[in-house]
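What follows is chain A paired twice: with chain B in the first complex and chain C in the second.
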Partner chain A sequence: MIKLAIYGKGGIGKSTCTANLAAAFASLGKRVIQIGCDPKADSTINLLGGTPVTPVMDYMRDRDEEPTSIEEISQVGYGGILCIETGGPTPGLGCAGRGIITTFSLLEELELFEKFKPDVVLYDVLGDVVCGGFAAPIREGYADKVLIVTSGEKMALYAANNINKAVKNFEDRSYAKVRGIIMNRRAVENEEEKVRAFAESAGLDIAADIPRSADIIKYEDMGKTVIEGDPECETAQRFMELAKKLIAEDEAND
Partner chain B sequence: MKNVSKIIPCYAADTSGVCSALYEFGGMTVVHDASGCNSTYSTHDEPRWYDMRSNIYISALTETDAIMGNDEKLIEDIVSAAKDQKPEFIALCGSPMPMMTGFDYEAVARDIQGRTGIPTFGLETNGTHSYIDGASMAFLAVTKEFVRQCPKAEGIGVNIIGATPLDFPWHGTMDSMKQWLSDNGFSFICSLGMGGTLDEIRRAASAKVNLVVSFAGMAAAEYMLENFGINYVCGVPFGKGFGDVLADYIREAAAATDADCVSPYGMSIDDVECGTDTVIIGESISARSLAKALELDMGIGARVVCPLPTDDMLLSENDSELYAEEDIKAYLEREKPRTVIADPLYRYVIPDGTRLTALPHFAFSGRCFQRDMKDLINIDIKEFFK
Partner chain C sequence: MTDAFYITAAELADRGFDNTPDELMSHRHMIYSSPATLDFNSPGAKGFGVKRAGLAIPGSVMLLVAPGCCGRNTALLNELGYNERFFYLLLDDTDIVTGRHLTKIPKACKEVCDSLDYTPTAVMICITCVDALLGTDMERVCRKCEDETGVPTVPAYMYALTREKRLPPMAGVRKSVYSLLEPQKRISSECNIMGYFSHVHDDCELYDLLHSAGIKKVRELARCETIEQYHELSRANFNLVINPEARYAAQDLEKRLGIPFIELTRMYRIDKIHNQYRLLGRHWVLCSTTASTAARRSGQWRTSTENSVRCVLRWANV
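Our next item is the complex of A and B:
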């Protein structure tokens, strides 16, 4: 099973990359689960035609009880992808990190993996590794590998470096390892050189190079990924290449 | 607000269950919690504290440690204490604060084991679950770590699984259990619980049958069934009649060639008329065993209300699993039993006209009624219930 966590600076395109990667895996015939780990709960919206799924935390807040089935807190989207959002507390209150851990415990109790039998699980995680809750997706039993989304912008690279260091801090704990970088281009001057310099200094591979494209915005406005909207476009093809590469690596490991 | 106890107390929590289960095994139990809370786990919920040494530590978690996720300080403290104390194992469990900060018990336990070479378990308690859950995970962890395949003992060797002072009187219970085993021609192998030693537990697989005396022992018994083919029987030999029935089940379980669990309740409850005159409130295996004992020794039909984690298999169809004070109160007001057998603190939720026969339960009322706790094993229970 491929289990990936996607991290990166807020607003850098993690959800876009995750949803497109999920769609690419699905279009290659894989059973995919995408779990959005962000109180905003918008990770999977473009796999669902723009209609959001009820986040787990919203379900629990509204009903004051835990769900008893996966169906109550998930929706099946493009390519049969099972979409789940942890959601979070009311902004300004509670503890969003704890919400992620609670959701993961709940999904275990509901035997998500045993019942859905996924080939691929993607965790789309809020911004940085800010607390224990946001490290939960890289704990043993969850993601095996981390992909860091960054552009050539200074603050995005700064966040990427912090994430890489945070993951390395957990080396003794059998947590996930950083697989590499998704370079999500933002038309920054000398962008490729900057990202490559960071990757080299951190000893990381650039796993994918996603061009800046109006297609992404166009199809997101329609509640779609580019994989769904225009699978032949260059952006879609880059996600397909990444998915194929990760599948090949997983098969080689098996 | 659901499940709020306005009148009666709540049962001891999962953290206390871990401490109680591991108390006598020679390990080091560390609770990740604020300084001062050790008295909850080790005195309020622990009758052995003043008479028997055990290494139970509190991490003295501070606000700053919690904010900063200062796991290294905890790890270094445990490693340092372990070097001094040289425990057989280290168990790390927790409280509400580490739960909120997402403390990763298993990962930290692996780290400590790597640094000390001492078997270390991370037991994810958070103080919001029952002592049954905590004791259950502790017994399972010890079983997985220390029980290995070994030759069978002569005759019918029996392990007693899951007894803690939270459910049974500390003084006398294990002597009574061993005497009952001996009276029936069984040999005692080990107690995975109070009165047990790690050396005996290492030889647990030499037993032919596990006697599960509390639901806290069920997970360990299931593990030994799957991994060593040891059948298990659930029940406490309360009274004479049920003691005989239980002994027959143990003989049957010992003779069974296929690894299949034997439960006294599933096999005998259908022919029991469960009256509504008497209701027993308590831990499922103890309470149902007492119901059987009352039926067989005194001809009294009794129902069980179980307010603790259990399995349907252990209850009859007329029994109830009720966790909330309001539900228990409503049940008793609806059923209007003549007698309720329960901890004395249930007195405040039973309806007028219903008599309470007090059976103190340490996990519920702590030391309040400790002196009045009753050892009903292998005795004529008519003496107690006359």
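Our next item is the complex of A and C:
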């Protein structure tokens, strides 16, 4: 099973990359789960035609009880992808990190993996590894590998460096390891050089190079990924290549 | 509401759900008695809470990692002979904000082990609600403790805020105390009773029924006096769960060690209890001789219990 966590600076395109990667895996015939770990709960919206799934924390807050089945807190989106959002507290209140932990415990109790039997699980995680809750997706049993999304912008690279250091700090025999970088281009001057320089200094591979493209915005406005909207376009093809590469690596490891 | 209020079960049933008295509608009062108060297990009451239960492994010690206020009532357990087995790592605000307590735990573990004139069989790291919000991976911390001391280290979670959740602390601690069991050859004529931290009464009919069904050895955690006896628990052919709080631990043993479990429900009507024993007997893969012996003994126990109940009722003049 491929289990990936996607981290990166806020607003850098983590959810876009995650959803497109999920769609690419699904279009290659894989059973995919995408779990958004962000209080904004918008990770999977473009797999669901623009209609968001009820986040787990919203379900528990509104009903004051835990769900008893996966169906109550998930929706099936493009390509049969099972979409789940942890959600979180009202901004300024509560603890979003605890929300992730609670959701993960619940999914374990509901035997998500045993019942759905996924080939691929993707965790789309808010921003940096800021507390124990946001490190939960890289614990034993969850993600095996981390992909860091960054552009050539200074603050995005700064965040990527922090994430890489944080994951390395946890790097013992059971935690996830950083697989590489998704370069999500933002039309920054000398962008490729800057990202490559960072990748080299951190000893990381650039796993994918996603061009800046109006297609992404066009299809997101329609509640779709580019994989769904125009699978032949260059952006979609880059995600397909990344998915194929990760599948090949997983098969080689098996 | 200032006056004491009571209602009998029959009266309540007659009124129906829609006419439940206001006195029983807990959300309509500022002060009410929640289900948690019924479950509350004060160390002063000498019951088994997470801390005392966490020491069920023979020869183990516990490091309680908590703000001072959370640990203070543990002192009451000293009266029960635990004073040599509890150790404390007190947290302050800076520890919690920076997470520095996590680096202190392995050092504290080492200090505890070095201070003893014997090597404990295990160290239980008991951590409280404050850490639930931090999301610490205690399994990882425990591995670091093991690296530091060479002593098996297990987490126990005293998360009161999960008391009414699907996996409450007392179910979690049961998994913790059985977690050091390792796979070994299982013996078909041996079983465990799982459920409580004190053993079943010596004269309980369960022993007699199990023996008459061909079970030669019935083990319980609470009867283990040495770590060797503890490890023999994983020889069991099956586990008999008599308290639902042990179900999670039994499921873990089934998953890890391949020991299946059968759960008995607590019942109070004699015919229901008898029927449950009959159903249990039907599932035993035993030779017909022992199975029929068990069935006969079950019937004898039923008759004997019915006679006892009649005596009590006569005595109570009911």
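Keep in mind that, in the parts below, the second predicted complex is superposed on the first by the 253 of 254 C-alpha atoms of A that agree within 3 Å, B and C clash if a C-alpha of one lies under 4 Å from a C-alpha of the other, contacts with A are read in each partner's own complex, and residues count from 1 in each chain.
The definition used in the following text is that a residue touches a chain if its C-beta (ideal position, glycine included) is under 8 Å from a C-beta of that chain, and two chains touch if they have at least 3 such contacts.
Treat the numbers as computed from the prediction; the structure is a model and nothing was measured.
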Clash or fit, chain B versus chain C on superposed chain A: clash
Chain B versus chain C as contact partner of A:Ser174, first or second or both or neither: both
Which of chain B and chain C A:Gly97 touches, first, second, both or neither: both
Touched partner set for A:Glu232, first chain B, second chain C, both or neither: neither
Which of chain B and chain C A:Glu109 touches, first, second, both or neither: second
Which superposed partner A:Ala135 touches (first chain B, second chain C, both, neither): both
Which of chain B and chain C A:Glu66 touches, first, second, both or neither: second
Which of chain B and chain C A:Glu251 touches, first, second, both or neither: neither
Contact residues of chain A, present in both the chain B and the chain C interface: 95, 97-98, 100-101, 131-133, 135-136, 139-140, 170, 172, 174-175
Chain B residues touching chain A - in the complex, by the definition given at the top: 2, 69, 99-104, 106-108, 110-111, 114
Chain C residues within the chain A interface of the complex: 99, 132-137, 139-140, 143, 165-167
Residues of chain A defined as touching chain B within the complex: 64-65, 95, 97-98, 100-101, 131-133, 135-136, 139-140, 170, 172-175
Contacting residues of chain A [partner chain C, same complex]: 66, 95, 97-98, 100-101, 105-106, 109, 131-133, 135-136, 139-140, 170, 172, 174-175
